[in-house]
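One structure, as structure tokens, below. Some questions next.
Chains here go by letter, A, B and C, matching the order in which they are written, and residues are numbered from 1 within each.
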Amino acid sequence: MAGGVWVFAEHRDGSLRKVTLEAMSAGKGLAGLLGEELAAVLMGEGVAPLADTLAHHGAQKVFLAQDSSLAKYTTNAYATVLSQLVLQNQPSILLFGATAQGRDLAPRVAMRLEAPLASDCTALSLDEKGRLVATRPIYAGKVIATVLAEGSSQMATLRPNMVPISEPDSLRKAEVVKVSAGPSPEGIRTRILEVVQEVAGAVDLAEADIIVSGGRGIKGPENFAIIRELASVLRAAVGASRAAVDAGWIPHQHQVGQTGKVVSPKLYIACGISGAIQHLAGMRSSKCIVAINKDPEAPIFKVADYGIVGDFFQVVPLLTEEFKKLLVEG
Amino acid sequence: MKIIVCLKQVPDTAATIKVKPDGSGVETEGITYVINPYDEFALEEALRIKERLGEGEVTVITLGPPKAKEALRTALAMGADKGVHLSDPAFEGGDSYATAKALARAIQGLPYDLILCGKQAVDDDAAQVGPAMAELLGLPQACVITKLEIDANRKKAVVHRQIEGASEIMEVSLPAVFTAQKGLNEPRYPSLKGIMGAKKKEIAEHNPSSLGLSPEEVGLAGSKVKILKLSPPPSRATGKILEGEPREQASQLVKLLREEAKII
Amino acid sequence: MCRPWANRDVRPYNVGAVNTNSLVLLVLLVLAVGAFGYNALRLFRLLRLGKREDRFDRIGERLKSLLIYVLGQKRVLEDPYSGVLHLFIFWGFIVFSLGTIEILGKGLYKGFSLPLLGSGQPHQYLAFLQDVFALLVIAGVLMATYRRLVLRPERLGGHFSDAAVILVLIFGLMVTHLGASGLNILLNRNPSASWTPVSRVLARFFAGLDLANGTEPFLHSLFWWSHILLLLGFLVYIPFSKHLHIITAAFNVFFRSLRPQGALAPMGLEATETFGVARIWEFTWKQLLDLYACTECGRCQDQCPAYLTGKPLSPKKLILDLQGHLLSQGPALMKRGRSPGNGNGHALVGEVILEDELWACTTCGACQAACPVFIEHIDKAVDMRRNLVLMESRFPYEVQQVFKNLENNFNPWALGWDSRADWAKGLGVKLLSENGEAEILYWVGCAGSFDERNRKVSRAMVNVLQAGDVDFAILGTEEKCTGDAARRIGNEYLFQILVRENIETLDKYRVRKVLTTCPHCYNTLKNEYPQFGGNFEVVHSTEFIADLIDVGRLKFRKDQELVVTYHDSCYLGRHNGIYKAPRRVLRAIPGTKVVELPHSREKGFCCGAGGGRMWMEEKIGKKINLERTEEVLAAKVSAVGTACPFCLTMLEDGIKSKEAGESLKALDLVELVAQAI
């Protein structure tokens, strides 16, 4: 039977990515509206057990492609298998997580199949004709676009943390369809040599998604330990204001600002930084800014999304504790 | 080594973007346009490869309105050798699919060993054109790279690709498409000498027919994803000051970051 | 035996000469003048390596400069000790030059007489002057020696042997003159004896020695010839010595820049292949003349904030390094001929001048204000920066952001240009675009528009203007950075783009009078915009407020109880000579006690932010703003008044670094006024 809503099931270190479950949840809604089945595509080596989890989260069918050539994600091998599968089964909708992998794979598959693809969506729905309508932020979130995907096998990548994961039902089973997969016929043109895990605290400022910064208000070089602890829980990079660097508390490569690095992470946590313009110029375009400072008049609060007027030494360790609860234990 | 760099002219990231009242587009009045920052990394990398190898040619290519020629001129001033401009009203309003198709067609007519572009344009934030072009050209790709080493003799490249919480080191056969992430390099500032020199460099013009495409295949007509409406984002109360005891403040903040800002 | 005086001549002032000796003298003179001429010509031809520049305008003003600064020694005297000793030696030199011509003339031809002096009385005046000045010069030489050997001010540094040679030569010249003159009296051959008291004392001294017969004429001859030989030796030595300045200084003062102090040299961007100065011959001839004029006094170095805080820059060293390079490389360059392009002489930056040296300059102008011979340091530094920026795109990493931000958002901070007027929301400030006209345009500047701290100053300015019932408006989002920093960093291209756009906007609204709180905007608008056809009356907030106070349009109510000092902004003070207005404003605030800082007015100490340094990291040496903050803290005041947004930022930062925020506040004068009305 043609049709269906599919989710590309991304996994890492033996478990499904959280965004995959979010996509399952979104896909379930769409499948319900369309009156079609929800299926997942699971690729890799030794990943069969994950099919159950997908079933628990609503997959009625799991396409399982297992091969040593799929053990590590490579664009070409994955795109080849997935495109053939889509071509053969003609799903109505195919969802990916807007992750490094999803954003690498989806455009390739979409182009191969000449299918529409909406990137980095925050919400998905259908129009009256059952076509995929996606909401996606553009201009770095300054504008929200509502877009329509036209054509068969409409694809979208879903931004993480946007859709709540629906309650799993551990009794649910899915039909597992084994898909044959072998080495890509074109030969191997890319090879993964190594995956280097980021060491907490050593994350490069320029590339970091989250930055925790300290300024004059943290009082001394030893207190960067408090900053580093929070950063390590958040897998964040450690930044600093010019004052902290000038005082010799931390090397210059950590300096954020006009004369240091200009950054725009998703989250910027400024601790004990008053917010001199030269600092603001370097971090103002961050998506979300949190300011923790004793002085309620500090200019940093003018640009902060969330502000805590309080003592760095009290607030930040508590914050680390809370994040730890959420991210490590929860 | 022949290197092609794809770039796009986009509004400056500091610009205030206002949606037109009818939601059909954004106001362009008074907007400063720049080279998409990620494309600048791509261009800088191309220039550095050329300088390192001591030979080569960097061709910059863009699809955009006549004004986009400024972006090409800037790129030529920075040191690119040639420009290609896909400029025609028919190209307007295209999605990533239509854009990648036109660009790939133009690139097919050029010699190349390497194609570089930004990981995404900061206006539509789609991050599709790079891999989509790679597909059309039948090339391998490596997206979101923060480091690139070229082995010209073996026709291989080793790249560092940013993935969640790690970086993937990958060997790629050339020719290939790479999309650049911040951190790859620090783009140079064009000298006045470069700006003067750029005036004499050649920019080739293309329209759909010179690329062998029909007007229906490009621009809005050739697109698969169409914008229904644009709207301003829901206004978030800025500068929310969290009250209470430190412990309450901390837990409140974590909750807001997760549920309201949806970051954690 | 030589007896030049044997022929008893009774001319009024006479050392005497005979034919054979005239011949020897003639030969020596020809040799010495020839050697001097040869070397002077060599130096002159090196000057002509430089590019053309017109410094022959406004001759009257130039002559006046000569009177004041050469003959009057005005700048030299600003340092009393060295000033006085120099005054003695300098005027001694003038007096002796006249006498020397006569001595030499007579040596060659006994009937010689200085044409203007004629015969009789005037010669006696000259004799008197020489006699007295010989003593004064000796005093000067002794003072100088004491200074070199005992006081040893750091700024003198280096070239001690040159100084020693010169002091010995001058000393020798005076001693031999007096010796010869004294013996002349003894030998009864000096009819001006009554006019030469010092020589008379010496004559008595020689008489007291009771010398053997014939010894006196011999001694006289010895002194006379020694004097002549020293003199001719001096002439030969001058072109190789810092003492060259006795010739070049006067020319340098005459040809000095008559541009407003704060204006950089204009620069064309069309019809040229290269920009700025990469090689020595790309300077103008006047810039090269500067190199010859340097007296190595080091007054510039003594005032240089970069040098004093441990940066590799010393304005003196900069000039001497360029001078050394010109002298060593110039001859080869002359042979090869010069043309744009590589391989024609060494690149200055990196080889002669270090990059760190070049970028350390804050363009504060302290060196130029201190230089007794009007050397123009800033233009040279900026010309070399221009080359690095415009030709090679070479500059400190941090600067790139500034350039890009200025290009895209017309302010240095990457803040959206459309938020430029946000600070004025709700204040009832008119926009020119809405109202079309106002008596005064308030030019807010980037800092006043975007920086939270300086926005307070802008709001205070609005309060003051409204209180003074002034009809004013702002440009709002149409205002763009004036380009001050871009120009001083060397990006003339970007600067000129901003200038053109701003002039267009100002002309569109027929703006006549511009008021600004920022000395950098003030200086650029007032002194540099005219280079591009933008002519506006520009007033600084301190001048404007001082006038408002004078005409009674501002009434102070609150008593301030404030001990306050004023930090001179370089661009307001040294570059534009505005010292009085800010002090008048401070004193007008009731209850304010004003304390002067040790470094103030012409010797004001830079905050460290000028010349684009605001946007660069200060990685070498002590931070200039800390140095200045410490000086302010030592003054034990409760507030330091500023009149510049950069100074305010730098001092406030310094106060924070010193954790002295409780006891010392940095406030713009406008804020102090606004608080008090």
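Going forward, a contact is a pair of C-beta atoms (placed from the backbone, for glycine too) under 8 Å apart; a residue touches a chain by one contact, two chains touch by 3 or more.
Given the structure is predicted, the values throughout are model-derived calculations rather than measurements.
> Could you see whether B-C or A-B has the larger number of C-beta contact pairs?
Contact tally favours A-B.
> Of all chains present, which has the mean Cα position farthest from that of subunit B?
Computed centres place C farthest from subunit B.
> What's the distance between the Cα centroids of subunit A and subunit C, rounded to whole Å?
Whole-Å distance between the two chain centres: 61.
> So how far apart, in whole Å, are subunit B and subunit C when each is placed at the average of its C-alpha atoms?
It comes to 51 Å between the two C-alpha centres.
> So the centre of each chain is just the mean of its C-alpha atoms; given that, what is the distance between subunit A and subunit B in Å?
From the centre of subunit A to the centre of subunit B is 20 Å.
> Could you list the positions in subunit C whose residues touch two or more of the other chains?
Correct list: 405, 414-415.
> Residues of subunit A that touch two or more other chains: which are they?
285, 302
> In subunit B, what residues contact two or more other chains?
Where subunit B meets two or more other chains at a single residue, that happens at 14, 16.
> Which stretch or stretches of subunit C touch subunit A in the complex?
Going through subunit C, the ones touching subunit A are 398, 401-402, 405, 412-415, 447, 450-453, 615-617, 619, 623, 649, 653, 656-657.
> Write out the stretch or stretches of subunit A touching subunit B in their complex.
Checking each residue of subunit A against subunit B gives 12, 75-76, 79, 99-101, 103-104, 106-108, 110-112, 114-120, 133, 136-151, 161-162, 189-198, 204, 206-207, 210, 234-235, 264, 266-267, 285, 287-288, 290, 296, 301-302, 304-311, 314-315, 318-319, 321-323, 326-327.
> Please output the residues of subunit C touching subunit B within their complex, sorted ascending.
Checking each residue of subunit C against subunit B gives 269, 274-275, 389-393, 395, 397, 400, 403-405, 407-409, 414-419, 492-493.
> How about subunit B: which of its residues touch subunit C in the complex?
12, 14-16, 30, 32, 34, 186, 188-195
> Quick one: in the complex, what on subunit A touches subunit C?
The contact residues of subunit A facing subunit C are 216, 243, 246-247, 252, 258-260, 262, 275-278, 280-281, 284-285, 299, 302.
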